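Below, subunit A partners subunit B and then partners subunit C, in two separate complexes.
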Partner chain A sequence: MKKRLEVLKTYKIYIGGKFPRTESGRYYLLEGKNKKPLANICRGSRKDFRNSVVAARKAFSGWSGRTAYNRGQILYRIAEMLEGRREQFVSELILQGDSAAKAEKEVNISIDRFIYYAGWSDKYIQLFSSVNPVASPHFNFSVPEPTGVVTMIAPEESGLLGLISVIAPVIVGGNTCVVLASHSKPLCAVSFAEVLHSSDVPGGVVNMLTGFRSELLDNFSTHMDVNAVIYCGDDKKEGKRVMENSSLNVKRPHIINTKDWTKEKAQDPYQILDTQEIKTTWHPIGI
Partner chain B sequence: MVTKEKLIDFNSVWEYSPAPESTDHVKLDDKYDLFINGEFVSPKSRKYFWTENPATGKKIAKVAEASKADVNSAVKAARTAYDKYWSKMPASERSKYIFRIARIMQERSRELSVIESLDGGKPIRESRDVDIPLASAHFFYYAGWADKLDYAFPGRKTRALGVAGQIIPWNFPLLMAAWKIAPALATGNTVVLKPAETTPLTAMKLAEIIQEADLPPGVVNIIPGAGETGKAIVNHPGLDKIAFTGSTVVGKYIQKTLAGTGKKYSLELGGKAANIIFEEADLDQAVEGIINAIFFNQGHVCCAGSRLLIQEGIADEIINKLKNRMETLIIGDPLDKNTDIGAINSKAQLKRINELVSAGIDEGGTIYQPTCALPKSGYWFKPTLFTDVSQSHRIVQEEIFGPVLAIQTFRTVDEAIEKANNTPYGLSGGVWTDKGSKVFKVTKQINAGVIWANTFNKFDPTSPFGGYKESGMGREGGLHGLLPYVELI
Partner chain C sequence: MSNNGSINLSDFLNPPPVDQIGIEERVARLNKRSIKKNSKLSALKLALSMIDLTTLEGKDSKGKVRQLCNKALHLHDSFPDLPNVAAVCVYPPMVPTAVECLKESNVKVASVATAFPSGMTTLQTKLSEVRRVVRMGADEVDMVISRGAFLRGEYHLVFDEIASVKEACGEAHLKVILETGELYSLDNVRLASGIAIGAGADFIKTSTGKIQPAATQPVALVMMQAIRDHYFKTGKKVGLKPAGGISDAKTAIQYLVLLKETLGVEWLTPDLFRFGASSLANDLLMQILKQANGVYQSANYFSKD
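Showing the complex of A and B:
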């Protein structure tokens, strides 16, 4: 009997809650074991990036205005959807070269990491806030607020867990983001965007691009409507460039050089604080 | 003078008799050297510059200008002090040294206030009641943190960064020195501090106080100078951290320069704060708040409420009240206790203010200034209002850093928030309303680090201060003010 012909998936980018192909029409071929073609991946362009920033900015007030409880629920929902599609993620990791055991472990930790950050949603504000005993008749308090639109160059080596470990702390804090997925391991990033799409995350909160780091690095770090940029990797020249570019509009640059994302140290409430601003409010006390 | 026989006449102007603060208790030298390694040393550059009294234009003292080589000596001294004393000392002892500084500053507060006003031009009322008390309070607050850092950041311990290079502005000379030095010392760092070239004197007095407090040599080094000295500090490879307060242009230069060096930095930059007045606000209180927001310290305040947004229905009334109130402001001798507005800090700053005010007029704004007379010598600028301006006007977009207020109106809450946030800056903001729920809605939506509701320009050592967006990053003051000076481990 003839074997059924497999339906192949088109891997697209994710902007403003939609899955377009790159406006540039360009692609790069992703190959698996023995040079077997896996997929034509979108080679995202400067214009795709700009569109993503517009979508992220548009989504910001709504997302940051959600209650902490609601954001926690949505992050938990993301974990539920990941759990439901775990086999897909495992098989994509295997296609990209991981062993079955390693793939299984990475997916498990990825799901748990979302649960971890989901739980922080209504706690980090308490942790990082203060009521300040000023020496005058005023009520004075300081609370963290999301920085705004955050761009991220996701970890190259860890296509799912690394990606999730940088996205979760940013969005749980009410920011919106534009992410450049791993160039060599992009499959899970696109599938993760599909998970987000079915998890009540409003469109534009996470925008996922695929493409070339070298091509998009400057755009990710120079855009004037971006408030913070996270660069994952150990390339000193690229890191320096990101930090230099950030000075154009005083972006908050963060260089993350985590080698092993499976460790417990790779999750941390202080990572949420990295994309928060402290706001202090004063009000007189009197009659 | 009011006597029992006469009725009080509210219709004619009351004259104030001069009430000058005496200066006879103030000891100032003719010349100030660099404070390096616990001693006053002459600069390798052999260069000195004059610091002058901006209210008279008269020279006060010669001050040493630190060159690259001097910066190097200061950094070396700070490094040795870090390795030898400061990092080895029990935190509780470090704490006691900082308390000592706070106490001596309190004891010498009158002297410090007078020098601050002489050197910087600010009214003695402000240096006496705001700058100097807050500066010593800042040391007092952070002193107590030194041995309690394990409680500051849940789940983490802290580690000092090492040697911090600190560059401060001329608008609150001693207070900014305190904001920089106190948290750095409490967290276990040693420092090299550069005061601004127009206002170095209270920093040199602080150096005397640090000597008097018997701090180990090199823990605090104070080296005056201008832009070149600052540049040498920013570029010095021996520093672990740069803390800067000043203009956004320089802040961006520092951020760019430090890229890839691994040095930590915190930046407290410019602002163009919106002060929003809603129609249900207590209007008389709001008028006082507007005056304080823009004319405090001649408007030389990065968080000044330099954009006034008034709800349309009360705009005419508020503007009239403002004009009346401005007539009563006393401009003149900074050392007079009645003075509300002192001298502009420097010739260069006066030029900048004049340039932007001219641009405001050229672009179609309507200018208003009270009828007051200005002193003949020194640098002065009348308190100024602009109406008929919109978002695209330079005086609405650019930081003037002077006593100049740009007034716009709005109809709805959303329009007010939109206008308030329409700026690359995000340092501060003001909201005036009697509706509690509106306070919370609006303060939450203004993108700025410090929001004053029904008040303005209040500061406290326990209260974090710092900006969003192009107003900088990092906080000074409070628990959050520790973070820029530590590594979390």
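Showing the complex of A and C:
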């Protein structure tokens, strides 16, 4: 019998609930062990990014308008779908150079991390809200609300767990996002976009790009319609640039320099608060 | 033209057949053209100067029209050297308000008339509506053709109706809306374009914006070809106004490429080409600022209307 010709997967980007190729038509070659070619990865352009922000902005009112309970259900659903496709993620991590045991562990923690944030969806608001004593007949209270569109430069070294650990707290809080996946470990990011696509997450809530950090960093941090930018990494120069660019429209910059995403302290509800704005309401008290 | 030099409907009844696949391929090919840097900036500004800023809703109020006129006069004052839009397009009852707001500017007032958008009323009513909006000061009249009559084959009726409206317009410019979304085929679009041009239209316009599909590029290309053939025959230049569904700068530039390639640079002026749109202006402004500052813009910083 003839040897079966292997069908290779095309890793595409994810914008507004669709999987287009990059508008620029460019790609880069991803190599595994011994320089073995693994896949051609889209080299996303600033126009892909611009389209993503439009999609994220469009999705924002719908997603932030969902009840916290419903967002929790959808995050839980993402975890369920990840569980169902765990073999794929494990094998992709191994392709990218991890040992079987390490890959298995990373996938397990990734799934659990989504469950963790799913649980927070209808709880963090109570914890971070307050009723404030004021010196007038007003009922005064402060509540967190999603900031809007968040862009993220995902961790370079942790292609699945790091990615998930920054996306989950942002979307559980009702934000929408545009993510630049790890340049050297992008396989899981694209597959994770497929998981999102089949998990009741509305199109545009998460937009996944692949490409070059150096090329897209400025666009990610200068775009006037972006409300917060999360930069994962320890490059001081890049971090400074993100901070400076953010001043253009006073977006919130966050520099995250977590080395080990498997630790329990890599997850906490304060990360949800990072992309929330506190709204204070003064409500007159009737006499 | 017939022998005695007068215009007859029969001159327009047998247009050349339209090659639909050919049209679509030509549109697709021209859409690939890349317009960058300075050319892009001037295209964006040109498109801005061609906009008929439009509000055609049942809930329109004087306040809304005043606001729109104000937008027409102050597109984005913090950015220097922006052109004005060409006109503000409103329903007849809003014409006096728009005329009052725009009287000291070069922005024209356009009014839809003839029982827009359906055109379902008597000729007498249509003519009196047209006379009324012209009397109130509208510079331009956007009429709709009787699509029912057209589809029944009563081309004389359509032709005569347009000719009567043109007469009623007097000095005002007449734009004839074909409502191509109801004409079914590009051959019909070509035929209707010929009839409208023959009957005296200053502009032919694709759509009311109330019917889907509204303006599409293949339809616009066919109308441009009708305009071009008429120009070759008579030397008279008729304008084109695609309207409805054109909301981003990229599409607007694609229309300008089609226009330039079909009718030439002479048509690249608000006197002969308009966009009927409301949200297009803001997208053009955002792209112009992007060209100038290098940073993608947010709708938050632009007035809505």
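Everything that follows uses one rule, which is that the second predicted complex is superposed on the first by the 283 of 287 C-alpha atoms of A that agree within 3 Å, B and C clash if a C-alpha of one lies under 4 Å from a C-alpha of the other, contacts with A are read in each partner's own complex, and residues count from 1 in each chain.
We take it that a residue touches a chain if its C-beta (ideal position, glycine included) is under 8 Å from a C-beta of that chain, and two chains touch if they have at least 3 such contacts.
All values derive from a computational prediction rather than experimental measurement.
Participant: With both complexes superposed on chain A, which partner does A:Leu248 reach: first (subunit B), second (subunit C), both or neither?
Facilitator: Both: A:Leu248 reaches subunit B and subunit C.
Participant: May I ask you to decide whether A:Lys279 touches subunit B, subunit C, both, or neither, giving the answer as first, second, both or neither?
Facilitator: A:Lys279 contacts subunit B only, not subunit C.
Participant: Which of the two partners, first being subunit B and second being subunit C, lies in contact with A:Lys263: first, second, both, or neither?
Facilitator: A:Lys263: touches no partner chain.
Participant: Applying the document's definition of touching, compare subunit B and subunit C: which contacts more of subunit A?
Facilitator: B
Participant: I'd like to know which partner A:Lys123 touches here: subunit B for first, subunit C for second, both or neither.
Facilitator: Touch status of A:Lys123: no partner.
Participant: With the two structures laid over each other on chain A, which partner does A:Asn140 touch: subunit B (first), subunit C (second), both, or neither?
Facilitator: first
Participant: Contacts for A:Thr222 in the overlay, against subunit B (first) and subunit C (second): which applies, first, second, both or neither?
Facilitator: second
Participant: Which partner chains sit in contact with A:Lys236 here, subunit B, subunit C, both or neither? Use first/second/both/neither.
Facilitator: After superposing on A, A:Lys236 lies in contact with subunit B but is clear of subunit C.
Participant: For subunit A, give the residues common to its interface with subunit B and its interface with subunit C.
Facilitator: Common interface on subunit A, subunit B vs subunit C: 248-249.
Participant: Can you list the residues on subunit A that touch subunit B in the complex?
Facilitator: Counting only subunit A, the residues touching subunit B are 127, 130, 132-136, 138, 140, 142, 145, 147-148, 227, 236, 239-244, 246-250, 252-253, 269-270, 277-284.
Participant: Please output the residues of subunit A touching subunit C within their complex, sorted ascending.
Facilitator: These residues of subunit A touch subunit C: 50, 53, 57, 219, 222-225, 248-249.
Participant: Tell me, which parts of subunit B touch subunit A in their complex?
Facilitator: 137, 153-156, 248, 251-253, 255-256, 258-260, 267, 269, 424, 439, 443-444, 447-455, 458, 460, 462-466, 468-473, 475, 478-480, 488
Participant: Give every residue of subunit C touching subunit A within the complex, in rising order.
Facilitator: Touching subunit A from subunit C are residues 294-301.
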